[in-house]
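Multiple structures follow.
The same chain A turns up in both complexes below, where it pairs with chain B and then with chain C.
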Partner chain A sequence: MTDALLQQLLNGLSIGFGYALIALGLTLAFGVLHIINFGHGEVVMLGALTVVMAGKLGLPYIVAVPLAMLVGVLAGWVFDALAVSPLLGRPEGRTDILLTTFAMGVLFNQAVLSVWGPAPARVDGLQGRLELAGVGLSSQRFFVIAASIAALAALDLLARRTRFGVEMRAVAQGEHAARVVGIAVKSVGTRAFLLAAAVGGLGGALLAPITSYSPMLGQAVLIKAFVIVVLGGLGSAGGAVVCALGVGVIEAMLGLVLEEGLAAACVYSLMLLVLLLRPQGLAGAVR
Partner chain B sequence: MKATLRDLGIGLVLAASLASVLTSSYLLDVAAYAAVLAIFVLAVSVTFGQLGYVSFGHAAFLGLGAYTVGILVAQAGWSYWAALPLGLLPGLVLGVLIGAVSARLSGAYFAIATLVVAEILVLLVVNWVDLTRGPMGLMVAASPMPLSDLVGWSPQQGYLFAVAAALVLAFVLLRNLRDSATGREWTAIREAPALAESLGIATARSRVLNIAVSGALASFAGALLIPKVFVLSPSLLGVSHSATGILGVILGGKATLVGPMLGGALFAIIPEGLRFMGDLNFAAFALMLLVVVRVLPGGLVGWAATRPAVARRLARRSPGGMGALPAPAPLAARARRDGTLLEVGAVSRQFKGLKAVQEVSFSVRAGEIVGLIGPNGAGKTTLLSMLSGFLPVSAGTIRAVGQDIAGRPAHEVARLGVVRSFQQTALCAGQTVAANMAIASRLHRPADLSGALVRTPAWQARERERMAHALGCLDEVGLLPRLDETAGSLPYGEQKLLGVAMALAAQPEVLLLDEPAAGLNPVEAARLARVLSGLRDKGMTLVVVDHNLKMLMSFVDRVVVLHHGVKIADGAPQEVTRMPEVVEAYLGRAQAERIEAVAA
Partner chain C sequence: MRRLMAAALAGLLAMGTAAAQDVKVGVLYPIKTMLGQQGRNGAELAAQMINADGGVLPGRPLRLIVYDDNYQPADAVSAARRLLAEDKVPVIVGGINTAVSLGITQVARQSGAMFLAAVTKAPQVTEYDRAFRFNPLVSTDGEVFNQYLKDRIKPQRMAVVVENGDYGRSIIANMKAAFGNAVVATELYEILKQTDFSTLASRVKSANPDVVCMAFSAPEQGGSLLRTLAEAGVKARRCILPGSVTPALVQVAGPAAEGAFTLDIWAPTMNTETNRKFVAAYEARYKAPPGKVDFLGFESMWVLGQAIRAAGTATDTARIAATLRQGTWDSPRGPLKFPGNQATSDKWVALEVRDGKIVVSD
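For the complex of A and B:
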């Protein structure tokens, strides 16, 4: 029994790390640009699709993962050029961006559906299994955990140690003040958005072998990412990571006793409860 | 009331004749679907157009209404027409719930909450098979509308009449609501939430009411959809219906009610024309959404309203339901209250390590004009924000008009009689001056929701009285001639005067003005000084923060000086300007001499 629990804990953690990357992309765009990308789920889907395609072409998974990030950046660039940048200066631009990113997401989704069809696909990730004290973990799940930790550490370094990271944090804190001290706010915003898309693509590529690919995964993943960033406090990177792990684990545990759909409904309801009792999120500061 | 009954009557006659004229089963079907979608899109426009909140999950309300009534009919054996009115309820309850979780936060949270709630409901409907039959779908047989055979209508004709009548009713009631104090609250919250709070509008509660109204209507639309779809499936709650709602509002024009109605109806008709595109329907919708938001933000009706011919005709119409504007009621001199109106006791405020205000105490007597001065960063605006309820105090007490106000939200503080203006101009920039003043008159007369819905004579009398009061306040600052201009297009000085007039219209016992003269040129500043002196002569109690000392010293009775968050002086202008610590901290010698010359 405890073995089963421990197994689910590890499974939940590995999924949770994937969620963390996806949610981080969402919260990064919100933190820096103060926008919500309602098409973020489709960027994640494109990341997953990339590893599917790469597999069909015979490329090894490990090569496909960075390719998925690249596809994420490309998709992010299209989003930014058509649905974000042109609207940022408008009086109600941030409301309009909710709509335009949603529309762009649908367009990407429909494009994928019409070219590659609605069929789901299995993705072969890394093969093999690691055994640790009676509990097994597939190499793929282990890779998800390791790669996510590496990516999170790299992002942390980027934010703290590089010029771009410092500029990004300055814009996040106050656009006006950042502009006054000579930061190119618009360009920093665009680069942050592309970074967010790259992280989203990576999340999709890492999770695809575990959850399998479907062109409809964007919608499901987006809702999960929303639940996570709201739980963690919109714009809080640390909160998103912690809550992503929490959601992954809770989902896995609930999966032991409930049907998948009902387990998901429980996790989503948790978000509403937290909004009601602690609107700033579990990790957010009281404003 | 007469106009409302007339509009309803005309609408019902139109609905009945439409139902009688159409006989083709195909056309009846499309027309009924158009009317239902028009109601649904109207519902979306209540949150989106009136409140500025985008929802990606309005299908949650639609589906909930449909399933509730459907289950009552199919599982509990109710008659469809008896169960139909109950279709309003689930949306109302869900609206209050979603409002409660998101109304204190920004619109982004509302968008997320609606999407997540819709997903939860989909999961419930799919999994609770005993009740909903899950993905199989719930068959609901709706009986023909009672009495429809009496007038010789087929069941389909009766159904069309019912949905068209519901559309007429929804449109007229929503229009009346929009043009009432409640609708004006929503406009203020959408355009300037802080201003709304300062004028006594309980923004969170007002948002919940808005979302509940929208939810109830959307859920009713869902219940009305049953005879058209016959089988309820989880896709009712899906994102494509939610997207239809948004796109209908955007396409029609979110600032109006006619626009969303047209947009909704179009969505019943366009897909018929787009059938040849097959599965790409949804992609076409998305492309339209993207293009319309980017190119035509005002929607079709917004675009039409900017055509010169239409604009001229619109300009001739008076604002909402009031007919001709009443004559301004002159701002009466205040009955002199006695004693202390505002008592600040050892108030402090910390921001993490920074002590912005430290144990400041002072009081303001009725009819007194107090200037609050000090160098930049002295804590003046922080203090003002605490006095008006916009910032909680870290420690200390504030009593106003005999009541403890520290810790109360801003709108309650405003209701108790302490009203502030803002340093940066805070206006509903897209509205006319008259509309801004109507918004500001919120506290003059309480909002009367049920009276507003049918425009009872008593409600109309109150509206006229409210407007007369608001116009009187506008006259006090000399802006009456600007009545029909857009607030955002006024010169800066007049925008600030309008801010003062709006604060006045909220009937303050104590008026707090935050740098009213900042950014004004000397002519504008002189005009402001005349206005403020006029208020003083009418017995108004004022606390004024400003750096324009020449102007300030010419009409204040007393000056409180802050420095590094601490009160360093409190007294008559002549005394204070002689105090060495004030000269040292703020004035400088030359300025002190100049001010003494003015004050003497």
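For the complex of A and C:
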């Protein structure tokens, strides 16, 4: 029984770190720009598609991962130029952005469907499996955990130690005050959005070997990421990460005793409870 | 939709056919999805082969008019109405999901048109005497498959993993009825929404089965499921219910699909003359091996061509339907009959994934 618990803990952590990367992109955009990017799932999907394409060209998976981040940034740039920046200045712009980013997401999805078709594809990722005392995890799942921790550490460093990071946090705390002290709010916002997209591309590249690539991947991962972001408190990076791990582990543990569908329903019930009792999110106050 | 029509029109102009002479047939599939594309590919290949062989009636080739049903009954009904009213087709071929197939059946019944339900397993379709079903019913699948399991595999401890929905739950009920206490675990996963199967795999492993039976409609999920089971160290034999072992599944699952077995009405390696012709022509035209839906799309059109030829009419749907019901027809899966409007062949094939290929295991 302890073996099963340990195994589920490991499974849950690897799922949770995957969720964290997707949720982080959402929460970054919300934290800095105060927008919700409904097209973020498609950026994730493009990241996954990139590692599929790179594999077909014979590139090793490890090389394809940074490429996927680059593709994420490119997609993010298109999103920003067409669906975010032009609306930010408008009075109701941030509400409209819900719809414009959704529309861009549909456009990207249809573009992928018409160019590459609806067929799913396998991504091999890292091979092998690490095992200790009957409990084990595939190398790819360990890689997801390690790469996520590295990415989160890098983001944390960026936010604390670089000029851009400080400016980003300043804009997040108060756009007007940031502008008063001479921060180029618009450019900081755009860069934060591109950063979020890079994280999304990375998430797609890391998850693809586990979930398999499909053009529907973006929609499948986005809903769970939204739940996590709401649980963690919109805009709170720390909250999103903690809640992502929490949701991953809770789902895995509940999975030992409940049907998967019921386990998922429990997570959604948790979101409902949090929204009712603590609308700022579990970590909302510590931001 | 307008672009689609424009594209279809451009295609027709390019072919330079004598439009007035053509026998028009309506085709409805969710053509923006993989399965829909496969159905359409199969239908178009059949029409091409029929036309290369002189068409259906003297000097009259088949011409397909393809619309998108988008898996939505509303879209299917309006497309079917347009096919019958504006394009004046006597026969509609296609339909993958139940809701769409029932919608098309309804419209066809209202105007006395014929409907060849190529892929759906919906039992209600054949309540209309000019509607024919090509895929077997779930209950038929179950009977044939359970018998095969009992005779050949003899499972002692079975785990059943299916999608959470009507289809999946009916499979669980069926398996429990047939195997009783030998079913030691039943697992449901969410269709399309579930991307990670590690928890499920752990549960299957702890049930310690000797056979895992699975059904899935999305190959990406089936592939991930097989890979995750292998990853978790589940050693049980992989049994997959009829219809889900496809080239796409084998592609997505990779080595994890090795040894998985199923039973089906058709396989690309089936040894009939028509099947060899079909597979060769398919690979030449689409540069990939055909899957089950490609086959059903092909078969329904291929049989329709023969029925129109035999009936000697492209407009008298009552006569075409009666001819179809009485005759024995050539199909890649062997001689085909339509008792009660259900396509029936004698032979089911046992299939196995070996070296990344789907092969007949007998």
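Structure notes:
Definition applied: the second predicted complex is superposed on the first by the 274 of 287 C-alpha atoms of A that agree within 3 Å, B and C clash if a C-alpha of one lies under 4 Å from a C-alpha of the other, contacts with A are read in each partner's own complex, and residues count from 1 in each chain.
Keep this in mind: a contact is a pair of C-beta atoms (placed from the backbone, for glycine too) under 8 Å apart; a residue touches a chain by one contact, two chains touch by 3 or more.
Please read these numbers as outputs of a predicted model, since none were measured by experiment.
Looking at the shared chain after the overlay, A:Ser138 reaches chain C, while chain B stays out of its contact range. Looking at the shared chain after the overlay, A:Asn11 reaches chain C, while chain B stays out of its contact range. Looking at the shared chain after the overlay, A:Val221 reaches chain C, while chain B stays out of its contact range.
Once the two complexes are laid over each other on the shared chain, residue contacts for A:Leu256 go to chain C alone; chain B is not touched.
By the document's definition of touching, of the two partners only chain C reaches A:Ile210; chain B does not.
When the two complexes are overlaid on their common chain A, residue A:Leu113 makes contact with chain B and with chain C alike. Shared-chain residue A:Ala264: touches chain B and chain C both. When the shared chain is aligned, no partner comes close enough to touch A:Val32: not chain B, not chain C.
In the superposition on chain A, the residues of chain A contacting both chain B and chain C are 113, 223, 259, 261, 264. The touching residues of chain A, when paired with chain C in their complex, are 4, 7-8, 11-12, 14-15, 18, 113, 117-122, 124, 129, 136, 138, 141, 207, 210-214, 216-217, 220-221, 223, 251-252, 255-256, 259-261, 263-264. Against chain B, the residues of chain A that register as touching in their complex are 30, 36, 38, 82-83, 86-87, 90, 92, 94-96, 98-100, 102-104, 106-107, 110-111, 113-114, 219, 222-223, 226-227, 230, 234, 259, 261-262, 264-265, 268-269, 271-272, 275-276, 279.
The part of chain B that touches chain A in the complex is made up of residues 52, 54, 56, 97, 100-102, 104-105, 107-109, 111-113, 115-117, 119-120, 123-124, 126-127, 239, 243, 246, 250, 279-280, 282-283, 285-287, 289-290, 293-294, 297.
Against chain A, the residues of chain C that register as touching in their complex are 32-34, 37, 164, 187-190, 192-196, 198-200, 202-203, 206, 218-221, 223-224, 227-228, 231, 233, 248, 251-254.
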